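Below is one structure. I have some questions about it.
Residue numbering begins at 1 within each chain, and the chains themselves are lettered A, B and C in the order written.
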Amino acid sequence: MAGFKEAQGDLRLESVTKTFGDFVAVDDIDLHVPRGSFFALLGPSGCGKTTTLRMIAGLEQPTSGRVLIGDTDLTGSRPYERPVNTVFQSYALFPHLTIRDNVAFGPKRRKAADAATLAADALELVQMTQFAGRKPAQLSGGQQQRVALARALVNHPEVLLLDEPLGALDLKLRREMQVELKRIQTEVGLTFIHVTHDQEEAMTMADTVAVMNKGTIEQLGAPADLYDLPRTRFVANFLGQANTGVGAIEGTDGDHLVADVLGTKVRINKARSQVHDGNVLFGVRPEKVQVSRTKPDGVGNDVKGVVRDVSFLGVATSYLVDMPSGTTWSCYEQNLDVDPIDLRPGDEVWLTWNPGHAFGVAAEDQ
Amino acid sequence: MTPIPRRTRRTLSPPAAALTAAASGGLSRRALLGTGAAASAGLALSACAPPAPPSGGPSSLKLPTDVSDTEKILKWSNWTAYLDMNGKETKSPTLTAFMEQTGIDVSYSEDIEDNDSYYAKVAPQLRAGQSIDRDIFTLTDWMATRVIRDQLCQPLELIQMPNVVGNLLQPLKDASFDPGRAHSITWQSGFAGIGYNRDKVGRELKSLDDLWTDDLKGRIVVLSEFRDTAALVMQSQGVDIESDWGRAEFENAVGFIEQKIDEGYIRKVKGNSYLEDLTSGNAVAGITWSGDIFVLAYDTQDPSWTFTIPESGGTLWSDNMMVPITSTRRRNAQRLMDYYYDPAVAAQVAAWVNYVCPVDGAQAEMEKIDPDLAESPWIFPTAEFIADNNIQQFRVLNSDEDIEYSDMWSSNVMGN
Amino acid sequence: MTALAHAAVDPGGVDPAPPAPEAAKRSWTAYLLLLPGVLWLGVFFLLPLVQLAAVSLQSRYPGFAGYYYRDLNFANYASALTDYAPHFARSFLYAGLATLLAFALAYPLAYAMAFKAGKWRNLMMICVIAPFFTSFILRTFAWSQILADEGWVVGGLELLHLLPGGQIINTPVAVVAGLTYNFLPFMVLPIYASLERADPRVIEAGGDLYANGFTTFRTVTLPMSMPGVLAGTLLTFIPAAGDFVNMELLGPQQGKMVGNVINDQFLAIPGGYPVAAALSFTLMAAILVMVFLYVRRFGTEELV
């Protein structure tokens, strides 16, 4: 096929910028996605993640910068010249073609002699064989989703792009498909780039997550690392819940910084704080905080508060506790005991946490 | 955007005895007897069956009650540009004066596009006894023949119209299709002949043969009305169109015209919009009506537009005012007809429309308006003028001829 | 109530399949909703059609122009099919050419409006629809002025030596051009609607799946707009085949279309009603057959 680039290897974006008029959608990002990994681009709508995806697909061209797979520069090439396929947000199946023909579309364009066999295999992989003769409109959302996946996978692209692929599904189906997608990715071993605004989805499936905000990548890493140690205020708030407060760093205590957050002294491990003087945003995850009626002994930080609300969630109980500083913290307690902690709104409680779990990030976004 | 002028006028019926046979004469009635059974059977089968043809005879005629005394209203259907108009062409001075004099509110509609389509529209309603919301319509003699024969108009009370009785030109008083003018009153008359632009043609056109030359190929338009176009061709072929000619003569003329179309001399055969072809320059000459060419010369301020009667002769026709059979305001209609037979009023109209004025005494009145027009043979033709130029009237066709010739004309000239 | 609705519907000739048990409850509502449409069709479509069929078989009263009697005169149809076969052929040829031309003009226009126009889209839409605000006849008449021998179009083409005949109006070319012009919006709008409705991502998906621009158009965009193309071609061809105005105002004297013959038979020939009705019926039947074959060949499940 004329112009087709048989690139292999890692996907790299080098100083890629995309502007639409005055609006900078993607601002000078660098990205390195190892071959065969499941990579998620996570961020709120308008953060530039979809634009990034479209530049990889070739549906948009970067204003500046380069897109490479292995050593092959794909910048400027057309979508049909790239070894990249996309699973579109609304599936974008061809409404006039049967499921079989939808899936065989790519192989046929590439003049594959065994397009029909390839399509059948791909439908087998997503367990849609029995629907091969139908039209897309006759399928449910989840089924269309599988077909869209098969239509992309059948081409064995070097990179498979998924644009909010589960956004239109209900919660239960979404969970199923998350597992399914992960299974398939493991099975075929392709590079998956998954764009989503759902942090849980990103964390469930991806090996590596890049959190995007305002056209830049705020932080990139394994889901557990991002959660445990966010490096910016945005990541701290976007990825899971965090009890946070802004305070001034007053000094050090061994390995720890000491900060005053609205009258409460808190400690943060130096290695876990991005700032070492001035103002800091202190944070600790809800499940890292213990709730007790009496002041506990130990080395942890503690503070006294008043219960505002108790929600029993089955595996855990969630508490909202009003702090003396005026803020409200949330805490999860696993229901390990036979007898649950019998707390009611208005009860005074002590909150304790291990300072090693706390983190500090710059108080203001850069 | 200018509206499409749609004027079709048709030739005056003959003074011939042919009419008697055509109307409800023995021949037709005998033919009718033969099909009468089929007609009744059809009626029995369905309510949609066509109406039975008129049985004939004034005894069967039932006139609606006249309410003219209480309803001071009159509705008049006429052709475009066929009445005097003020400078802005919004009102007619003569009509305004009539309304002031009589207190009758006249609604004037230029809604007659051509005889056939107007008749096709109103005849079924009139036959069913329904109102067509008109008190006067103005149709050409041959169509008036049909309307009177089918009893679709009311008899007029000439005693109520002293101007008409006194001033209607003598030759028109005994029109063959309406002896004694008991049903119709002439509105205007006119000629069909050759109209052309002398500058663009570059020479005088004197006969029909002058039209069929290479320099005029494709620049000639002729009237779709066969009672004008075929008539002029027949005259040029030496046929006396008032006499009892037959199918062969008509076929000859149709064949000749068809040939001129095939050879590319005649560009279009048009009833309604031939003037547009002259205006736009698609055509520079053709078989046309007299008044139109004078109006064209005036409107374009181009005096080289010329109307002439070919050496072999031309036709003369009239349009006639009639009262639809279902109108309840015949008296109002008669007052209007009588009003336009006041010579002073008639002269005013003639000065504007430039057609032949049917009113005795209008020529003297015209002297006061425009002495040149008073001398115009196109408005006030003398008997010598008619005779010298071999201006004739197409003979009345009986119903079968009407159908046969219309068909022949339509399929060979119009719709081929 | 149910019985009433049934009784009222049945004479209209609608014979719906017996409702499934679970649908029984809804069925009378469906009939009731159908009722106005059925009545409308019955009164304003079926009755006139029956009347037209009856007229097409009538015979003339000899000696009485414009009078007919009920008959089974199939000679009217024989005349329609033999005498006027060339007119039918011409009508379908010109309408077919106009449909092809309109398609060739409308598709890029609709495509540009749907995908490329941006802020100009509404303006383009107005331009497409604007001619509807003036009368069809006036617009055609305006063309007869524009294309006149001494008009600027002919003058310009003659200057460029592109028009050896020196004449556009009163030629078949002018007729086809007029038909194309007059029915163009009927082609543009359905195509535009189907293109505009198409998900742009589906078209992107074509590119993503290795189809270049032309292949994507051929295999994705065009098939997706087929319902619009089908509707547009029908909406153009059907009225164009029956049209007489363009021929009347722009056409030559010889070589009329069937619409002109019908018009003449109705209006200009005393006693022409039966043949005109037979011609109308034949035209209607011919168009129906053509549309049926066409839809069977190119039809999709849904029409727009």
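Keep in mind that, in the parts below, a contact is a pair of C-beta atoms (placed from the backbone, for glycine too) under 8 Å apart; a residue touches a chain by one contact, two chains touch by 3 or more.
Keep in mind that what you see is a predicted model, and the values were worked out from it rather than measured.
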{"item": "Chain at the geometric heart of the assembly (C-alpha centres)", "value": "C"}
{"item": "Pair joined by the larger number of C-beta contacts - B-C, A-C", "value": "B-C"}
{"item": "Centroid distance [mean C-alpha coordinates] between chain B and chain A, Å", "value": "89"}
{"item": "Chain centre separation (chain B, chain C; CA means) in Å", "value": "37"}
{"item": "Rounded Å distance between chain A and chain C, as computed from the means of their C-alpha atoms", "value": "55"}
{"item": "Parts of chain C lying in touch with chain B, wherever the complex brings them together", "value": "50-51, 54, 58, 60-71, 83, 87, 134, 137-138, 141-142, 144-145, 148-151, 167, 169-170, 249, 252-256, 260-261, 264-272"}
{"item": "Chain C contact footprint on chain A (complex, rising order)", "value": "1, 4, 57-59, 78-80, 84-86, 88-90, 92-97, 105-106, 109-110, 151-152, 155"}
{"item": "Touching residues on chain B, where the partner in the complex is chain C", "value": "1, 3-4, 27-29, 31-32, 35, 38-39, 41-43, 45-46, 48-51, 53-54, 114, 116-117, 119-120, 123, 146, 150, 218-219, 224, 261-262, 266-269, 273, 276, 280-282, 398-400, 402-403, 406-407, 410-411, 413-416"}
{"item": "Contacting residues of chain C [partner chain A, same complex]", "value": "199, 201-202, 204-212, 215, 219-220, 223-224, 226, 300"}
